[in-house]
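Look at the two complexes coming up: subunit A is in both, with subunit B in one and subunit C in the other.
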Partner chain A sequence: MSAIKPMPPVAIEKPKAKVWNGARAIAETVKVADVDVIAAYPIRPYTGIMNALASMIADGEFTADIIVADSEHSQFEVVKHASAVGARVFAGSSGVGLAFAAEPIIVTALSQLPVVAAIGTRALDDPGNFGMEWSDALMFRDFGWLISWAKTVQEAADMTLVAYRVAEDRRVLLPHFIALDGAAITHVATPVVPVTKQQATEFLPPYRPPYRIDPQDGPVTKAQHIAPSLIGPEERKTIDVAQKRSKQVIAEAWKDFAKYTGREYTPFLETIGMEDAEFALIGMGAYMKDLELVASRLRSKGHKVGTVRLRYVRPFPAEELINALGGVKAAGVIEFGYSFGSPFGTGSLYHEVATSLYEADAKPTLLDFLFLGGREPTVEHFTQLAEKVIESAHKKPQKKTYWLTLRGEDI
Partner chain B sequence: MTVKLVKVTPKVERYPEYEELDWVIAHGLGVDHTADITSFSQTIAQAGSIKGIETYYYMRYDDSPERNYIPMAFYTVLGKPKVPVLLHEEVEPVGELFKVIAVFSSSLLLQKTAQRALLFDGAKKDAILLVNTSITTDDVVRLVKKYNLAQDWFGKVVTISAAKIDSAIAYPMLGALARGWDRIDLDSILTALDVLGKEKKKESVRKGYEAASVKEVHVLAEETEMFKKIKREVELPEFTGEFWTPDVYYAYQKAAAEAQTYPSRIAAMPRWEVLAPGLIEFGPQPGKRNLGFTTPWRWQRPIIDMNKCTDCKLCHYYCPDGAIDFAPIKVDIDYCKGCGTCEKVCPVKAIKMVPEIEYLEGLRDEEVLRRFEQREYGF
Partner chain C sequence: MSSQVAFKNIKEIPPVDYYTSGRRTCAGCGPALGYRIISKAAGPNTIFIGPTGCMYVANAHQFLTSPYAVPWHHTQLGGGGAAAIGVASALRTLMLKGKRKLEDINVVVMGGDGAMADIGFSGLSMGLSYDYQRLLYIIYDNEAYMNTGVQASSTTPWGATTTFTPAGKVKPIGNTRLKKNMALVAAAHPKVKYVATATLWPPLDLMNKVHRALNAGGPTLIHVLLPCPKGWFTNPSETVDLSRLAVETGMWVLWESIEGQFKLNYRPKPRKHVREYLAPQGRFSHLKDEDMEKIDKMIEEEWKFWEESAKLGRLVVPY
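Now for the complex of A and B:
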């Protein structure tokens, strides 16, 4: 009988930061999230995510069914049905790919299937380009999907795990988009602390849909076509209530996430320097980092500038926004999405912010700054717009909207 | 209608925020070098991260490296204490950014092959030029003087014949970088490879470190031939409130095709008021090719041996860019992208692809361009 070998001490492995781009980071989180079915169809900038997942599955790093569909429409049909039979699923797309998949995307929400999908945001073409615009993701703000927006690669990785937890919560049961600024998150690699398998398992309970389509559970029909006289507004109200309930679930989930990973996030708004701010810069996504730098530089010159970053567009944190902007004289919305022919020619995010502020007691002067067509802004542009916001507090601005990267006259 | 042209001086912008950081730009050829440039940039960023420096790396998103040989660029940005790393991909027009210019194929030293900008656009004065080549450091300096506009450059040239050490040229290049640049030392690169699970490549890095040649250089802008050639102005149609007409369109196209630097290429792009609804482009005039389809980035060119040519015209029919004239068979070199399709289809092997550097310089370039292998999680 051989001697029993002494057990080596269990090393507590501190996760090392890995240099990953956003696409890879998301894929790594999907890996640890115990996803069953992945449907893919390439379109830049989302492609990196499916490439990373396919490589990892091929290398045997984890097991999942990956189905490369014949189009984005089929791709979202695949995950919709897989979700209905009880699988945890992942999909994603960009730009016109999402537009093409609009029908299954909309039906997924109305069927209350907790699909999680990543959007590498991209301008809608042609004519146009593959640059970063928010119009593709914001196209789906009206149909029941939860939509969150990441600032950093780290946040994108973390958001993916939280998305599953929120979407699959029985109080919610809604699909969830994680919007990543195309190029700025998807193609930029930074040090990321990965979510470990253990953290993911503890944080994210297995997906157990209440009524899955499975012969073992007995016959179930789902998402039928019904005469409006029988069921109509009632069905819509269930979605509405789920969206409203999701706010509490999101807050709980992020609190819990901090417990398991040590990374803390405020659930809906990230505010910097807003305690005493007179001027606010409101936006989402990766470029908030540059805006924060501009705000801090202006602050050192004596201007009380703060930044407000929305982490969720759906559900929209209106109360939180009103509270954050209390005492602000002027604010600027910085956005990469537009609505042609809209009131005063303003962008999609502006409408959300302006609608929220209509209910506020004191309304700041609100300006809109548009970066459209995928052309990239610089710190220079952000400094210009912040100065316009400061100026507007004591001098009535001549116009509401500014196209900052435009060649030609901004009329 | 005649179009009145006015001279426009391109605006050169500078962004001090970005200049405070250390940028490494890596130039390579699309697809062939994608995997290597990714590994190169990732390892530098990981090494920076190990040293506690905030780091980013990314490709130039505007490039389309799905197509072989299109010059593409990757950036690695290393922060400094108290200076956060900012996001900014369109780095060409800005001031003095690049501390290291890594060139994965010496064909990119030719001014013609740089895509939107010249190789030294955006370089710091003390930039380190790291080239994967079998030619000597002196020859690199000579090529820089001949084909590039190096703005008053008091830096270093580091050369390494990477393909001789490892077919994955990124790793010898990393060793050579450590030899020439003290910010990222050899130890941190080796540690980074451990973190990335690429322990096997450590030997290649060490060999690269040893095999690299380093030379201090001192070049003034006036000494470079490009200095005399570059036009400081572009000629554009005067904006009269008129709509897009073929004449206006061709004038813009001509200006864009002639533009040598990034700022002048940007200046040659139209303002919104002149665009036709639906983004109309006018076709070429009869018998002429479209000016917009000329290429600045071809790295090899076909030479036809007329003694062997049987005038079968297959190359004419197969050329994806319509760059080969019909009768007689002749390559319009302004439009040739150097893809090599004509060489492949020629039944009598009368066409030979010659590297531009060899053609222009009479030099043998030993580099072996690797194909498609080892692509990492892609783009």
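Now for the complex of A and C:
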């Protein structure tokens, strides 16, 4: 259970930026991360990652086995068991594909296998919908997976490498999802500074599972059926402790990542303009870029608006969030996931934020702004909602939740 | 290649067991006996994958003991096909990349009929389409979901009563679907090197088939009929006898397909009437004489195709 302490480089490698979409950028990181086994099954919008990896393997850019699975269920079974044998693995999916794979996905965490998988977030059926929603990724909030959320293609590429380091750390040993907002990250090309092979090799130690399924390691029996009275609660507590420990490991990993690549990230929250903010816009993912633009425009008009972006939903950075929102009069949660029939008809992220703020000394007015069903939001929507937040500080809002892209009455 | 006989007589069976004590299977459990024989034949350099089923639940124990003296990993009920591909892929890739010593390691999936013929059918088919060596899918077929309390699967024979297909006043037959022939399905996969059927009789047949499969140089499947006293309502002491009767009545056909070459392993001469196999089993006790005649007739018809296949040296689909 010793901490990983790699030696930082003397001089940081600065490769030239490439123009890559999110799918390609993640594939490039998977390539340099020395991944051994990849399992693919197509579903939009994540598929491009596998297309890119398949091309790289076909062209001999790196050595890995890519399994073309018969379903998402098989896909996640393949990587789970390859990981148990000692291979570094990669998988991914979107929307209903994740729902189909729910069983092996859940088991992977409870078996403590450090699978890394990408989610190109997508609205769930029915009807079939290529739009972006968070409901697919947030389905897996409760089972032990670490879940990080990227704002940019660059961050998605970097998060992929850090994910392996955190997931495989002996203090954690949990699988890791990297959530990418469908289309907004997966399909949008931007300049990206690649993680180099040398950086990846130095930053990421080889994967060594503690109890391999391999005759070399003796007769290990894993995931045997048990009587619940034997180790039921203790096994669950083990996952719980691993989640709690992961916070320190994540913080260490991002600090080290900066030493190797020169790219600095605060581990859990990205806050902009929050030092003196009276109003906060809280969210995740690619649309935070637009919310940051809206906040800066409002600032130039004299409104003290800041943004708080969550980089991880699991582990959820509750203390950091309470600290960031200290002194704020009103805040809005901007989100693309929902829970039908939930308290006050609020979204999935709202529940997490509200639960955290319940422990805060001063509670700001908290509003919920929902973008559901995949209809594309605009800067105008974000401006409207920010104005609602500002207004709520001196005028009691009529309601808590707003469906912003909805046509017709928001009842 | 693969018609070799590794175990010529009972004295040559290795004394070491890799499936041992520390489990709570029923008295007279056919699958447990099968597991013991299969693991003996596979030897120490083997990884077992256990999809959910009797050989998962009943092989666990209240005292956290394990019956496996080789690595064993549970996989989900429908995950057997894919899990084995994950293991085989990891081993091959790690060896290829120099991360693990080069070595022959067997990957054996012990999947029940539900795990392989029903919920894991698609994954099994995927697994059989790859070219990993020393990859063996065993279907331990006790002809129903036994550990959940005897529910019909797609390999439950016509006329068997199960809790989902009970024989009643309006539906007197019980299960009216015909048993799915998984060995035929497996043989339809072009990469498959070896397909066989087996049961607990004749002695050594199953062991030699496991040996041939693991040395066949590609993915392989053995469909093994294994009697279940609990679900068949039979006397635990009759398990092996029932295996023998299944073969001697022609109800269970022993054959192999070695790289597409068909070989009929046993011809019952004379074939016993299927009544001898059905009568000792409580699950068939509701059947009338005419129903048993019907089953016997079906066997008679089907055997024409097995004889035809034997003559041609390649499979002829009997349905």
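Quick note on the criterion: the second predicted complex is superposed on the first by the 396 of 411 C-alpha atoms of A that agree within 3 Å, B and C clash if a C-alpha of one lies under 4 Å from a C-alpha of the other, contacts with A are read in each partner's own complex, and residues count from 1 in each chain.
To be clear about the criterion, a contact is a pair of C-beta atoms (placed from the backbone, for glycine too) under 8 Å apart; a residue touches a chain by one contact, two chains touch by 3 or more.
No experiment lies behind these values; they were computed from the predicted model shown.
Aligning the shared subunit A places subunit B and subunit C next to each other free of steric conflict. In the superposition on chain A, A:E264 makes contact with neither subunit B nor subunit C. Applying the stated contact rule after C-alpha superposition, one finds that A:E391 touches neither subunit B nor subunit C. In the superposed model, A:Q216 lies in contact with subunit C only, and not with subunit B. Of the two partner chains placed by the overlay, only subunit B lies in contact with A:V188; subunit C stays clear of it.
In the superposition on chain A, A:D142 makes contact with neither subunit B nor subunit C.
By the touch criterion stated above, A:E319 is placed in contact with neither subunit B nor subunit C.
By the touch criterion defined above, A:T47 lies against subunit B but remains apart from subunit C after alignment on the C-alpha atoms of chain A.
Once the two complexes are laid over each other on the shared chain, residue contacts for A:V78 go to subunit C alone; subunit B is not touched. In the superposed model, A:E202 lies in contact with neither subunit B nor subunit C.
Overlay on chain A (Cα): least separation between subunit B and subunit C is 24 Å.
Interface residues of subunit C, counted against subunit A in their complex, comprise 44-47, 49, 56-57, 59-60, 62, 64, 66, 68-76, 78-79, 81-87, 89-94, 96-97, 99-101, 105, 122-123, 125-126, 130.
Within the complex formed with subunit B, the subunit A residues making contact are 16-19, 21, 23-24, 27, 44-45, 47-48, 51-52, 55, 126-127, 130-131, 182-184, 187-191, 286-287, 289-290, 293, 376, 378-380, 406-409. Subunit A contributes residues 36-37, 39, 63-65, 67, 69-71, 73-75, 77-87, 89, 103-104, 107, 206, 212-227, 230-231 to its touches with subunit C in the complex. The part of subunit B that touches subunit A in the complex is made up of residues 13, 15, 17-18, 41-42, 45-46, 49, 54-59, 61-62, 84-90, 195-196, 269-273, 278-279, 377-379.
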